[in-house]
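Quick heads-up: structures coming right below.
What follows is a pair of complexes built around subunit A, which joins subunit B in one and subunit C in the other.
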Partner chain A sequence: MSSSPENLTVKVEFSGGLELLFSNKRTHTITLPAHTPSTSTTPTTIRDLVIYLCDELMRDPRRDLFVLDGTVRPGILVLINDADWELEGEDAYEVKNGDSILFVSTLHGG
Partner chain B sequence: MIAISHTLIRQSVSTAFSKPSMSLDQTVESLKRQIASHESLLEDLRRQLAEAQFNQPPPGAQESQEQTFQASDDPLAHDLSHGIAEDYMNEVFAALSRPQGDHSPPNRWPLSQDEYKRYGRQLIMPEIGLQGQLRLKNASVLIIGAGGLGCPAAAYLVGAGVGTLGLVDEDVVEHSNLHRQILHSTARVGMSKVDSALVSLQSLNPNVNLVPHHGRLTPETAISTVQPYDIVLDCTDTPASRYLISDTCVLLGKPLVSASALRIDGQLMVLNNPPRSAGDPTGGPCYRCIFPKPPPPESVVTCGDGGILGPVVGTMGVLQALEAIKVLTRASTSENEQPVTEPPTLLIFSAYANPMFRSIRLRARKPKCAACSAHATVTPEALNSGSLDYVQFCGMIDPVNLLSPDERISAENYAKLRSEVNPYTGMEPAKDSHVLVDVREKVQFELCSIDGSVNIPFADVSGFPIPQPTASAAIPDDSHWVHELKNIPDKPIFVVCRRGNDSQVVVRKLKQLGLDNDGQRWIGDIKGGLIAWREKIDSDFPEYY
Partner chain C sequence: MAPKPCALCTVNPAAIVRPKDRSALCKPCFFNVFETEIHHTITSTNLFARGERIAIGASGGKDSTVLASVLKTLNERYDYGVELILLSIDEGIKGYRDDSLETVKRNAKEYGMELTILGYKELYGWTMDQVVEQVGKKGNCTYCGVFRRQALDRGAAKLGVKHVVTGHNADDVAETVLMNLLRGDLPRLSRTTSIVTSTPSSVASSSPTDPASHTNIKRSKPLKYAYEKEIVLYALHKNLTYFSTECIYSPEAFRGSARALIKNLERVRPSAILDVVRSGEDMAKLCPGSDEGCGGACGSSTSAIPMAEEEEGGCGSSNGRNAGSEMANMDRQLAQNEAAVENELEVEITFHGRDGTQQKIKKQPKKIKGQAAASVPRKAVTKQVMGKCKKCGYLSSQEVCKACTLLEGLNKNRPKNHIEVGYDAEPENHVRDLAGQVKGLEVGSG
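Presenting the complex of A and B:
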């Protein structure tokens, strides 16, 4: 995994139907700036990653199926390295190089 | 009933050489179904009778039972003398030799002969053992939803010998259920799901007390329905029911095994485990802790719309039964201690991923949870009074109403347009006088489609960027369908989908893309979609939903 100090490379995964919004692909390797804005010294957080995904990765125009009111919409669990993001500080979590971020939409069928 | 059937049979025999009418066909079908279901009930009663007679203790039964223990055909006897851990053997002997009171009991063993035979393969496992089996036998389980999750879950719990199993459902069995809802049968299509499931479960294990609950769980009925049970399995399929069931379980202190499935994915959580009172942070999180806000209704996809693979939902239902057995029997592995509960996790199953299973660590109870915290606003009074509106809380999708009446055509009028001679010109309609665009997914289009229609899937259209007025007019290369529609600027475009919702969105989008040539070309959709087409025009069109 080659990544300059200015960039982070993370694994982003989608599950529970969210992959349909991202070219029907479950696993993506994303390289994004380590600071947001990239010229600043502010570390990139999950909040920034979500906006990045919407702008750079999502081709489907139905953004509100992923993001609502500036954060991940209700009904989506965010898991950072296999742990609930609530254990890690939710969307203020500072993304580290090599992190694995999983977005899971709840299912309701039965 | 029998007299009526007899008359009908004679009628159908007497008309055997004439063409039977539809209603007689239907009567025959219905009678066949009823006979089949009664036969299976009857068969079951006969077997129960035989078992009861077999188990009737003959005079001097005490002695003969003692001999049975020595008999080599008892699976437990074999295992007790061949390689069972000594401490476990002691546990079994201790339980077996418990004093049974002053007068001689009718049965000196804690389980019946049938039960030793039936459960032998799980009894000999240290995870269950005799104590575990007795815990199961004393336990009552409520399964809410007798569908793709509830059927396998109920089958395994009844098979394992829980004492009481309640089943809640308001639906009747449909053909489209049968590929995954394994307790039902073709003969029982039309029967209530609860009754149909009970027929199967009763014949699987007559030792279990089965309790039917017909109808939907509502806020008003939830507490009284759930109260008598030890543990609840949420096998329902809507967000509203999931919040209602979770709230009820928190109020009543019941652990909840919650699962769901769609397409090739499944999810499983054991909630409110341990089931401590609201405000106790050592209790397990509830559904509201994990999902404080319901998902937007337009993001909720049903199995009817998204599809579901039978073994996927079956896997999740089986895992629910497994988690319930673990919760109900767990005390048997630790002595004189509080049962150890696993930290809360979400199990994610993805049938086509590798690995297929992932387990995710979940949060503890939320300090501000509306249901399980010290600040809970969900109370028994609020629930009973009906003031908590779960359907409202979760929202509903407004019916799609994007188009004006002159942008829509009924299935009947569209059919006329395809077949009728133009009254003004006397011309036969040409096949290619218009374009019919079917916007269902490709896989659905390949199942069946109206003759001459072309497939442009909804996702392709909705995902297509609307060109900015300032940008160059170039259309991306991968959008040949836009070019093709542009190349035939005179032909009206009719858009069709399954129900007539997506088609409206697509009509809007095509106009935004300028394909109507500033109003020169008509673009509209077929009201009610292919469902209306099937109902009104072509009853042979396959009904796959």
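Presenting the complex of A and C:
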């Protein structure tokens, strides 16, 4: 793997209207610390990833359309490597190098 | 950690957790279960009749895209023998509807379905962009909602179609149930929870055989029991292309509190959504004004089908109701309570006393101390008679339907000509006209 053990490289995808919050770009490849906080030995989870995305990637001030009460806003589906995050422990899932994580909003009109 | 196997086939790795029972399924099993449940909804409610021509209200969004795809699949698999066509309404919102209509066109080609696009401009002489230019961004959703409701019926009538299906899902229904509950509007529950509503032929239906009549169009929601989550996952895993963006005029609409409440509940207890839908159905049965007692599960006669709302709110369901419609709703509610008395649905208990005289016990709402609990006067209201709008012929309880009333207001204030400084115009019109002149005599909404 290209990234050092200190860092994780993951593919993050936004859909269902969420891409509007992230510079209208659907797919992002991001590198983030493998531990959160980076000096600790605590593995980075989806919860950490979401905060990282808000702080580092989101250009839109409407953070609460993505995160509510420190986790992914209800109504947004999360797929980890194409599987429902509920199968993986939801936001406690420890992010692995090379993971593909998709956030889909169901909140937009049909 | 080895991936969890599918609860049904036990072979493939699970990819989806179903909200209704938290079972973990693989993609093929999920597709099958999802489609089969919709098939069950359709057959158990006798929703379709062989030979029927059915218009799918298509917006290009996830719900109508999945609806079109699933209905095509089921029609072929189970041989319903229905003809499916797509009907889209173009509100005339640049940068919003333009793009989603492209999605609908693509779907039409992909599914081999005939597509009709009907515009507000064509129907009412106004695009939503022009309406907003005139009325501003407050209350514009009311116009859009009223216009859209009629537009689908008019479109269906134009196509000679008697049945329109829409993509309303379980989350939508649960949201509406909660909103009616929070508004204290139980009589409406029957119509919002029923799988079938109709724009009934008016009492004075002059031409019941007129194929172009838009007063007898059946509306149904085959996805009524389908979770929004599953609809999105179905679209995603089936690689269906749908369009998702918020209407540019109601960026806040999707943050409606009822919606947020539903989604929060789902996170804690996923079955809550269907439970709310079922509770809504059960409450509807008990409500005065309930037109039917089965949630649409029985009875195919028109009389057993609840009436469609004339004035359903705009998108996002939470906004777009103005004070006028609240009043009309209140009147309607009172009228329905009257009707309930006649039907001896609670409200009043009549029994014969020993001396043969009739005694009545009125059930009163419990008085709340110190509060004018009965301050809403239960005045006698003339029974609601559904007639036709004298202007356009659309079903209406008023002389002039809501759309025509709104249009009248719009047309009255439509600036005839920007250049001419209106001598009888309102002060702000002067300002606007002058501003128009300053901008180089732009010719306005033409």
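Structure notes:
Criterion: the second predicted complex is superposed on the first by the 105 of 110 C-alpha atoms of A that agree within 3 Å, B and C clash if a C-alpha of one lies under 4 Å from a C-alpha of the other, contacts with A are read in each partner's own complex, and residues count from 1 in each chain.
Criterion: a residue touches a chain if its C-beta (ideal position, glycine included) is under 8 Å from a C-beta of that chain, and two chains touch if they have at least 3 such contacts.
Not measured: the values here are computed from a predicted model.
Superposition model on subunit A: subunit B and subunit C are shown in a clashing arrangement.
Of the two partner chains placed by superposition, subunit B and subunit C are both touched by A:Leu107.
When both complexes are overlaid on chain A, the residue A:Gly98 reaches neither subunit B nor subunit C.
By the touch criterion defined above, A:Leu87 lies against subunit B and subunit C together after alignment on the C-alpha atoms of chain A.
Of the two partner chains, subunit B and subunit C are each touched by A:Leu77. Of the two partners, subunit B and subunit C, it is B that touches more residues of subunit A. Judged by the document's definition of touching, subunit A residues 15-17, 20, 65, 73-75, 77, 79, 82-84, 86-87, 104-110 lie at the interface with subunit B and also at the interface with subunit C. If you check the complex, the residues on subunit C that touch subunit A are 3-4, 13-17, 22, 24, 59, 61-65, 167, 169, 171, 228-229, 231-233, 236, 242, 244-247, 253-255, 259-260, 263-264, 266-267, 315-316. Those residues of subunit B that touch subunit A in the shared complex are 145, 147-150, 234-239, 242, 259-263, 265-267, 290-296, 298-303, 306, 308, 313, 346, 348, 350, 353, 358-363, 459, 462-463, 465. Within the complex formed with subunit C, the subunit A residues making contact are 15-17, 20, 65, 73-75, 77, 79, 82-84, 86-87, 104-110.
Contacts from subunit A toward subunit B in the complex involve residues 15-17, 20, 26, 59-62, 64-65, 68, 73-77, 79, 82-84, 86-87, 102, 104-110.
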